[in-house]
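You will see subunit A twice below: alongside subunit B first, and alongside subunit C after that.
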Partner chain A sequence: MTTVAPTDAVDEPRESPKGMSETRVAWMFVLPGGSMLLLFIVLPFALAIWFSLTNQRLISPLQTRFVGLDNYMSELADPVFWKSLWNNFRFAAFVVPFQTVFALALAVMVNQRVRGRTVFRTIFFTPITVVMAAAATIWVLLFNVNGLVNGFFEAITFGNFAPDWLNDPTWAMWAIIVVSVWQGVGFQMVILLAALQDVPSELYEAASIDGADAWRQFRSITVPGIRNALIFVFTVTTILAMRLFDQPTLMPRSPGGPLDSTRTTMVHMVDVGFGRQAIGRGSAIAILFFVIVLALTIIQRRFVREEAG
Partner chain B sequence: MSSREPAKRAVGTNPMWRWILYAVMSVLSVFFIFPLLYMVTSSLIPDDQVLAKSQSLEAFLPTPFIGLENFIDAIDRADFLRVFGNSLLISGLIVILGLVVNSLFGYALARLRFPGRRFLIGLVIALIIIPFEALAVPLLFMGAEVGWLDTYQIQVLPFIASPLFIFLFYTFFLGIPRSLEEAAMIDGAGPVKVFTNVAMPLAKPAYATVAILGFLFSWGQFLWPSIVTRGVEVRPLPVGIGVFATTPPISWGDIMAYTVLMTLPLLAIFLVFQRQFVQGVASSGVKG
Partner chain C sequence: MNKRLAGRIGLVFVAFAMVLGACGGSEGGTAAACDGEIDVDTIEAWAHEGSEADAYRQMIDDFNATAGSEVGLTVNLTLVPEGQYTDQVNAAAAAGDLPALLDFDGPNLANLAWGGNIVSLEECIPDDVRGNLLSSIVSAGTYAEELYAVGSFDSGLGLYAWRSALDEVGARIPTGPDDAWTAEETEQILRDLQAAGYEHPLDIKVWYGTQGEWMTYGFSPILQSAGTDLVNRDTLEADGTLNSPEAVEALTRFQTWAEEGLIDTEAVDDTNFTSGAAPISWVGHWMYNPYKEAAGDDLVVLPLPDWGDGSKTGLGSWMWAITSAGAEIDPDAAWAVIEYAISDESIISITDVNGAVPATQSALAQADAFAEGGELEIFKIQLEGAPDIAVPRPITPGYPTVTSEFWGAMDEILLGADVQTALDEAAAAIDADVDANEGYPAP
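== the complex of A and B ==
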């Protein structure tokens, strides 16, 4: 997110003709949203830090006590936590690059001057309007062992490939990846398409006069021209990959299954903090999660800034 | 999307390339559309037929056709009208109250002079980074403490003020020329009047973007309502689908009817307001 420089740097309030000072009006404007941000973001975030240092439970007759870094220690020593984190990375390692490139390919295609391109744009974008809970349900049926996906694979491999997708630890995550890309890629496509249309067409004209072929133009004009949008898409997709929750909760027979092969950090956090009502330990997972997301964002930014310099 | 013509590329000039492009886009269209077609046909046939013919292309034919039987079943079993009403109420309140609260905040940051303004800008940007998921556990605790589990307010209030939407409004208001507002001020209008009569009408695109994105996000919410609601009374649509999973045998016809009903409203809005929809999503990115 780039910070926009305010057009006036003066914070001296003006006197309004009606007598009410600008400061008072400003606070009236800021108060409703500000108090909600405090109550529903700042306070719970502070509470998460505090709870993560205690043995707080949702309902418990025992008194809450301060336990220092115990929650973090036991979480970091828990193989299930690492497994969940690994699953997020496994998911992200495929989805982030693939979905970004796929979205770019779609955007470039619907940006060509051919008849019917808006129809294709609509089709590629439509899954965005399908609520994830609905999308996951449809694909559960498609990924059924006797479902349409296997019908397709059996036809092209003559019956040699027909896994029980959602009940097989090797394949369950792949089913989730397919749903996620199907539902999400249209969003990125639209963002990249908007950026593509802002690349000045004179650049392409000049390049083709200089004899640059299509691939050369794509590399030297298109990609640098939409660099910021590409970075945005990459970063947002990474964060969304870390937040993966709906699909692994809804699609396998039990959330995060089979054998924890789709258990993500969020599934793990909800299981501990809500399922087992261990608020303290769940908060520790939340804080660890926040630190990881923050670190990823900072790493990506640094990497990107060096590129730019 | 700008009205500017897309640049002419190699594809535009060579007819062979054009046919390859059409072929690739058509294959991809099948990938994006077939699940939706499958959902619709499955909702129109008996439960046992859904799996029975799910491995052949016959799956896309609504035979044996049983009309709206599954839909009547689904509406009945899932208490659909209630759940749908809940979703509408929750998303509606989040969007409408959010538009008011976030635009007022964004406007104050962009245009009004007051001490603490720059601190608030920094705070809003910092808060964008905190994912909601990191707050879910303590928020659940807070909600339980005040006895708000299984209520509407716990599903609405935490989502009204949004740092991301405040920031969107802030950058939008910064981007519109000041001259009209200054003219109104010279005519003696106070800051409130300048906002409601001059700035708000100019910011219509920002309001449309935030309304669309806000509706899209809140309509699909699953994590939070699945934690804070237990009964059907206040549950929204995405969580309501759970009732079908608990009672075997799984009646896929009913489930698909439910997903059709859940998908239809947003799909209809999308097809009618396609331009605004696409513009809304596109402008969520350009500021990045």
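== the complex of A and C ==
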């Protein structure tokens, strides 16, 4: 590799020792991964597009019929679809900024040279290692009307604030937001921590000599220094927030409840596609949702561009 | 090159999708061709992991050791958790991965039979075996006039109560479904109990949630007792039935019970009843043993309230069927296991554990609890009175939508939503599903 002679034949495929063109070798390298992608991502997606145009049911002796855009029309006219989409956005609107800022705060904290910082890093990271299904079960007990969370709130509000979190349409989503941030923040913290350690310490030294205080250093050195990592965290959190499913399925006593206040598009899709067996309509929801998330990601990329290098 | 490749891949997908689409329609209504000969040495079976899981396991072990070994047949049993069981079965059915022998929750029968996933037992079941089954089992196992499945037990639903608490407020103890408490009477008793210090006297297992059948099994008898139903049994449509004035009136009353705290909506397990804090529990046979242990001789089992058209209750429970895959391998093998599962010995070992009603006349006659004057006699009376007292859930392939819409509406109603709106929406969704499937024509 290190002894490849310089060549100017950039456009011509180079011959490998066995006489295979580089293009063919490249295709062969792509083959294993590429065929997996085709089989498990592209093909199901193509099938979903097809199913969404038919009356396909999960189990049915009837011939599958082409129904055009019927599934899309009835879904777009269904208030439950819009409600679940709204819930996704509501969730994302709180979780994305909150989790990013919180992760940054934790990362800055455990980046200080203090005794026992490894212990703190471990503690903050632990929730990510817990399976959501198990964590949700524990949190359900904590959020019980007579649970630990209310014990805390009753103590500090002298009994004035003790909602039945998971059975109250006003509070159920908040309980889910808390659990999601608790579970997700550790991972984002680690990414930001890695970025923080890449910021050259000379910059901070120079800034202190120039008389910049800690806040000024944070704004002018830390944040620009970890810009790319922040954008990554922001984007990934948005995508994860959009596909929210586990918590609203497992935590309220009925998935997406109470009164559809935690029903997300994913919950809705599984309910329609599997619960009611309407695969055609479930596929239509998936396609609609794909288009919406795609649009969202494109808009996000427009506004915040990563810097090269 | 790239463009051509992309074009080819695209073509392959379209072809693939069309093939899959065309495969969607399989033949429904095939019968198992039992010839009395067992030609295979192993078959797969799935069962739900409920309160009778150990009894199932024991039964299959016994079968493998006795009846199975005689004919050289071994059954591999897979237990699947109850909450997700129906989804798992449907997913496997769609993928063509069902085991030969399948245990499933009764009301899904029509859906599985309509889709051709389970086969008729008509050619397998001998007349004497059939004649020995409870009529409620036969009616729950029949779709389009053919028997598709049989259960080892049938279900019982009622009000369990601490007799001492009822005595405390001077409540009348009904002797059978004929003199069940009326809805008004029930409400008065609950109010009296609340006044006597029982904060939330009625347990209705809200915490079971809406995964699984509880909400529909437990609360659709309110509709039938009020003189209406989930759907019109002839047209399979819900509008005008599920959202009828009778339904709205009855469920509005039920909603007030929740709003006034007569119903315990905060419980997260069974301790509210077992500790005596909620002295009345609206639940099925599966709680008999735990409750008996807690309340001892103080336990009474009463019929559900009468909402105007007589006390009604549910029927049907888990059932065994031969899948189309099992019929292809060897229906006789699967039938041999089913026959063993409905032998008196197997039935009694299961019903001893889960408190359910034995599925055959002969097993029922041996069970003391169901004999005259027995504590669970009421469950037997209710089933014998089917379909006037115990009412089967609608036998329609559209049942998955019916039940998910009804439990959704029930959940909303318990949380304080407008009853008429909730039922209207549910009825509209059920009818849209019937339309989308061409009225679910029988095979």
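Rule of thumb we're sticking to: the second predicted complex is superposed on the first by the 272 of 309 C-alpha atoms of A that agree within 3 Å, B and C clash if a C-alpha of one lies under 4 Å from a C-alpha of the other, contacts with A are read in each partner's own complex, and residues count from 1 in each chain.
Methods note: a contact is a pair of C-beta atoms (placed from the backbone, for glycine too) under 8 Å apart; a residue touches a chain by one contact, two chains touch by 3 or more.
Quick caveat, the model's predicted, so the values are computed rather than measured.
Asker: Classify the contacts of A:P61 with the two partner chains as first (subunit B alone), second (subunit C alone), both, or neither.
Answerer: Only subunit C is touched by A:P61; subunit B is not.
Asker: Under the stated touch criterion, which partner chain does A:N167 make contact with: subunit B (first), subunit C (second), both, or neither?
Answerer: second
Asker: After the superposition on A, what does A:Q112 contact: first (subunit B), second (subunit C), both or neither?
Answerer: first
Asker: Between subunit B (first) and subunit C (second), which does A:G34 come into contact with in this model arrangement: first, second, both, or neither?
Answerer: Once the two structures are laid over each other on A, A:G34 reaches subunit B alone.
Asker: Could you say whether A:L47 touches subunit B, subunit C, both of them, or neither, answering first, second, both or neither?
Answerer: both
Asker: After lining up the shared chain so the two structures overlap, which partner does A:R227 touch, if you call subunit B first and subunit C second: first, second, both or neither?
Answerer: The answer is neither, since A:R227 touches no partner chain.
Asker: Quick check on the superposed pair: does A:F274 touch subunit B, subunit C, both, or neither? Answer first, second, both or neither.
Answerer: Touch status of A:F274: both partners.
Asker: Who touches more of subunit A, subunit B or subunit C?
Answerer: B
Asker: Looking at the overlay, does A:L141 come into contact with subunit B only (first), subunit C only (second), both, or neither?
Answerer: After superposition on chain A, A:L141 lies in contact with both partners, subunit B and subunit C.
Asker: Which partner does A:L259 contact after superposing on A: first (subunit B), second (subunit C), both, neither?
Answerer: second
Asker: If I apply the document's touch criterion, which positions on subunit A are contacted by subunit B in one structure and by subunit C in the other?
Answerer: Touching subunit B and subunit C on subunit A: residues 42-43, 47, 51, 56, 58-59, 141, 144, 146, 274, 279.
Asker: Once bound in the complex, which stretches of subunit A touch subunit C?
Answerer: 38, 42-43, 46-47, 50-51, 54-64, 74, 140-141, 144-146, 164, 167, 169, 253-255, 257-259, 271, 274-279
Asker: Where on subunit B is subunit A touching in the complex?
Answerer: 1-2, 4-12, 18, 21-22, 24-25, 28-29, 31-36, 38-39, 42, 50-51, 54-56, 59, 100-102, 104-105, 107-110, 112-115, 117-118, 120-121, 123-125, 127-131, 133-142, 144, 157-161, 163, 166-167, 170-171, 174, 178, 185, 188, 190-192, 195, 216, 219-220, 222-223, 226-227, 237-239, 241, 252, 255-256, 259, 262-263, 266-267, 269-271, 274, 277-278, 281-288
Asker: Taking the complex as given, what residues does subunit A use to touch subunit B?
Answerer: 1-4, 6-8, 10-14, 16-18, 20, 22-23, 25-27, 29-30, 32-34, 36-37, 40-45, 47-48, 51, 56, 58-59, 106, 109-114, 116, 120-135, 137-139, 141-142, 144, 146-148, 150-151, 154, 182, 186-187, 190-199, 201, 204-205, 213-214, 217, 228-229, 231-233, 235-236, 239, 242-243, 245-246, 249-250, 266, 269-270, 273-274, 279, 282-283, 286-287, 289-290, 293-294, 297
Asker: Name, in rising order, each residue of subunit C that touches subunit A in their complex.
Answerer: Listed in rising order, the residues of subunit C that touch subunit A are 9, 13-14, 16-18, 20-22, 24-28, 87, 90-91, 93-94, 111-112, 114-117, 206-207, 209-211, 265-266, 268, 400-401, 404, 407-408, 411-412, 415, 417, 432-433, 436-438, 441, 443.
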